[in-house]
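Given below, in the form of structure tokens, are the structures.
Look at the two complexes coming up: subunit A is in both, with subunit B in one and subunit C in the other.
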Partner chain A sequence: MSSSAGTIALETGVPRGPQPSRINPYWVLVLPLVLFLVVLYLYPIGQVLWISFSDPEVGFQNYERLVTNRGILRMLGNTFRICFITTAISLLLGYLIAYAMAHVTERHRIWILMFVLVPFWVSVLARAFSWVVLLHDNGIINRALMDWGLTTEPVHLVRNELGVLIGMVHYMVPYAVLPLYANLRGIDPRLVSAARGLGAGPFESFWRVYLPLSLPGIAGAGLLVFILTLGFFVTPSILGGGKTLMIAEYVSVQILQTVRWGIGAMLAMVLLILVFLVFAVMSRVVDLRSMFGAK
Partner chain B sequence: MTAKRFSQDCVEIALANLKAGRISRRSFLAASAFAGAGAVALSSGDLLAAGKPKQIVHANWGGDAVRCTGDIYGKAFTAKTGIPVVVDGSGPLEGSIKAQVDAKNVTWDCCDSDFFSVLRLGRAHEAEPVDYSIVDRNGYMAPYTHDYGVLGYWYSYTMTWDTEKLGKKAPTWADFFDVDKIPGKRTLFKYMNGALEAALLADGVPPEKIYPLDVDRALAKIEKIKDHIVFWDSGAASQQMFLDGEVVMGSLWQTRSQLIKQDTKGRVDWTFDQGNACPAGWVIPRGNPAGNEWGNRWLAHLQTPELQVEAMRCFGQGPANPKSYDIMSAEERAITPGTPENLKKQIPLDSEYFSAHYDDVLNAFLDMISA
Partner chain C sequence: MSERYGWRFGVVLAATWLVLMFLVLPIFVSAPISLTPERFLTLPKDAVTLRNYENLVTNPNWTSSIWQSLVVAVVSTLISTTLGTLCAIGLWRIASRWSELVRGFVLLPIIVPSIVSALAFYRIFVDLRLLDSYPGIILAHTVLSVPYVVITVSTSLANFDLRLEQAARNLGADMKQTLRMVILPCIAPGVLAGAVFAFISSWDEIVVTLFITKLNIFTLPRRMWDGIRDQADPTIAACATTLIFITILVIGSQMWLRARRLKAQSQAETAA
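Moving on to the complex of A and B:
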């Protein structure tokens, strides 16, 4: 997953405050890190960029495929649809969990946190295979459904897009919960009490006071989840029954199997640019620094 | 790329076999006994002529293939030449070989590769030429003596089916594509090989006219029953689907089919009939560290029939040197894809065709299944 891309974008996408005119001597301490980034990060990315314009010959032909090749367009469309749905469901579930965590006793909070974090530490491969075992046509869930007479035929829960969504949401919920929880904890409960005191019902005080206050948390969690889902490879590959092809796997096929590096590099660049774009748009909507707790 | 995946799969099989106690360490000990026999293949006078390299690095897919290749081929080579053999299991994907050669930083002397990839690498000048004064041309069946690589082993995509659901008689590919006649999920390889050939056979194309592939016709045929197909991308996954009863039939690597047959005590059966036999190659990346001559000596060593049979017993790799078939038991011949009698039942994959069209056809296939 391209979490490193996210970190970089954070560093560069944030508008700096007014700088002192004299160079701060502390920059010397940061210099090795900057060099490190240039050598190990920017230089290879520059090479990938170059390949995307030069393989098999110099020109824009790889980028032309973005608009002319229906297969690539459809694959990108699938990727975005799946990532949007995953993000939306993860945010909804994550919000419910984070809301509960922010409002229960300390002891219960620790339990909830544990249930959120334990799957977080299990390998993505093991989780994907476990879902297959649970969900396939002769799996535990389908057998239970049929034994209880709820269905007469197996429900196809996996080896399709539904399976991919289940696996991806399961993977992403902790990523939604943690930033949301940090945000919800910061909301002053007296504001809700005040709204109630002024005559708002429970729903209205949530809708008009609590929810707007938690918007930065929702935006931050959504951004994090969406960007991480763009790089998914293993989960769709296993749970999709081979029929769900997302951008990361497509790039891998072009680089390693069909050896069409130009197309692979072009798509990798497109992915990177999209991540930057998402950040740029978000930075106009919300304050990124406060969203990630840097302020 | 499928041979690479296939070899990777053999590794897993060997591991599973060892754990289940189906193979013993004896196979590996036997390798040292062949060291003497192998020495005949190279005359000792030649050895002194060329400067000895520090080592030979053979690239394959990790795990037990490292041990099997090292113990069987490697020890015998070291015994007769004194040169250590290192088996690198990090995976010589075609893209990885190209990356090393282009960067002029080659670390492998020999790579395990699909035969159509060997042709592609040769055409792109990413491979060293084969020296047939060192490598025995008679150790291969025609037409697999190529300028830039040799036939390493055979593997096959075979019809595998659940006898409890479909009966003892093997279904045909026509049955596979007839979902009204036989309901239930089927499985095909996600990266295409074996699938288009099966579709065309089912559509009535005679075996000798399969290549050049009528890609559109094959894709249309598969698309019609796409909802009934699960695509596997690892041998373990294909095996699991049959053990769980998730699918009723499919196109599987013969090594996995045989394993499932053993594990289910014959509930799942398989046949070479209408299978897709695939040649895999060994190739020397251009600018290999040990140099062209020693790369070729290693290729010559890999041809040794006795060692090929041992490798088959260790991790299922189907020997390709015709002489190795003479020293197998009847049971071993029956499950070896490359023997003349088994090749006759199958459609041998056309490496020339795929060396020219693999990219386009694979992308069209992936496009169709993910649409």
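Moving on to the complex of A and C:
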């Protein structure tokens, strides 16, 4: 878009004061926020990056721990395992819901959407709290199991990896549903009808026509969920009860409890780089701008 | 698509509703617990009481947290809505390679994992002496909520005819007038939606708050966080239930309005 004011000045040929500058005047509106973020966000992140190389002494020794320190290696292994499992289950459940949503009547769809959106918007702490109450050794589920005589000992459902997985999948399913649904709605239903007309069974037409068409949606939703799980703090730390440490909580322990800034900052930077890498992959698979609602 | 579904799709639907039940399950837990007369988290057996709700609105610990969260959320929403709206309008009007780069930059706070943001704020607030203070937490929450405003306002601008702005400029309005009299009134619903998002993101924020506050500032999420870890106080259940109830009310009314609008639309189309 060319500047309309400049065009008019040219057409009328009247020189209006000083030569109009090349810089679009609307930058004035953008600048305050950019300055605000540079000072209060970019600069301190840069400081954290610097700490990761300089605390306790300048060098790569913090990053060396990534391959030498057993505790960190085990923690990273836990994080990736939990993230992969969470992503896989969330995608499966999310796909089911999105598929149903794409194939039901408008009224039914609104009901399903409501059941997805309400938990999506409920405070993450309220949800973590409810899961603790449900899954705890003296919690509702264990009480019921023992009252019905199904077990005599409480089953440990929380303060371990199982609890973390339940809470995380619960949190992530809506994030999987929304992009998947947007993708599935874009698939022409006549393609499936055509496959059926050409003799494919219902399973085959899903497997060989519908599913491949929805692959971009699956990739987009999967990467989004994966990014969110990688840096997830609240749910793993409440439902893991300090026993299943993932990277975000590990960082917080390093900073707030053992006060080892070098290691904390290093792991924060590793997390940040991982997230950016996944985003870079994502931008090749899906239209990020449409996902963020810009344009 | 009002024909009856086949049995295969019936299985899909049944499984879908099973998953949906899993999604809403926690929502039905805190309400009964919040009515317990006991001093610890348990389902009420013989009697129910509203004492936990009373505690939520009278206990000075809880009321001060509610007020603090409100103040922080309102002030940071005002700042982030102003900065974010101006920025979104500027980026929309510029629409060049540079503005796309800036757009990516201002979205950074929602892309960066919250633990990394927490470290960054902690670090700089030590230097600025803003730890455990209102200005500190308000600034941090402003940074974290501003992308939601930029996104929402940008979406709303995408549906706004650029020629209206050009017409205003051609008729002699300067940038300020165009902004105030043409652009802002047209995108007001988008700005309001952005403000709502910003408010919720601040109201609910915990990770950064855990790092940059201590005793002076004790927001509602922080109080809940501590309570869940100690697992003692049934007031959390009352608090959680209230939050859930408000969420259902807001989402429900929005969906209802949308459904009504859709219905009115389809009726208008049939009539025409």
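Details
Everything that follows uses one rule, which is that the second predicted complex is superposed on the first by the 228 of 295 C-alpha atoms of A that agree within 3 Å, B and C clash if a C-alpha of one lies under 4 Å from a C-alpha of the other, contacts with A are read in each partner's own complex, and residues count from 1 in each chain.
Here is the rule we use: a residue touches a chain if its C-beta (ideal position, glycine included) is under 8 Å from a C-beta of that chain, and two chains touch if they have at least 3 such contacts.
On a predicted model such as this, the values are computed, not experimentally measured, just so you know.
Contacts of A:Ile255 after superposition: both subunit B and subunit C are touched.
When the two complexes are overlaid on their common chain A, residue A:Arg74 makes contact with subunit B while staying clear of subunit C. After overlaying the two complexes on the shared chain, residue contacts for A:Arg159 are found with subunit B alone; subunit C is out of touch.
Measured by the number of subunit A residues touched, the leading partner among subunit B and subunit C is C.
When the two complexes are overlaid on their common chain A, residue A:Ala219 makes contact with neither subunit B nor subunit C. In the superposition on chain A, A:Lys243 makes contact with subunit B only, while subunit C stays out of contact range. Where the contact sets of subunit A with subunit B and with subunit C meet, they give residues 132-133, 136, 138, 238, 255-256.
Contact residues of subunit B toward subunit A in the complex are 1, 93-96, 98, 120, 185, 190-191, 226, 229-233, 237, 240, 244-246, 358-359, 362-364, 366-367, 369-371. Looking at the complex, you find that subunit C touches subunit A at residues 1-2, 8-9, 12-13, 15-16, 19-20, 22-27, 29-30, 33, 41-43, 83-84, 86-87, 89-91, 93-96, 99, 102-103, 105-109, 111-124, 139-140, 142-143, 146, 150-152, 154-155, 158, 162, 166, 169-170, 175, 179, 200, 204, 206-207, 210-211, 221, 224-225, 228-229, 231, 236-237, 239-240, 243-244, 247-248, 250-252, 255, 258-259, 262.
Those residues of subunit A that touch subunit C in the complex are listed here as 1, 4-5, 8, 24-34, 36-37, 40-45, 47-48, 51, 93, 96-97, 99-100, 103-107, 110, 112-119, 121-134, 136, 138, 140, 143, 170, 173-174, 202, 230-231, 233-234, 238, 247-248, 251-252, 255-256, 264-265, 268-269, 271-272, 275-276, 279, 292-295. Within the complex formed with subunit B, the residues of subunit A that make contact are 70-71, 74-75, 78, 132-133, 136-139, 159, 237-238, 241-245, 250, 253, 255-261.
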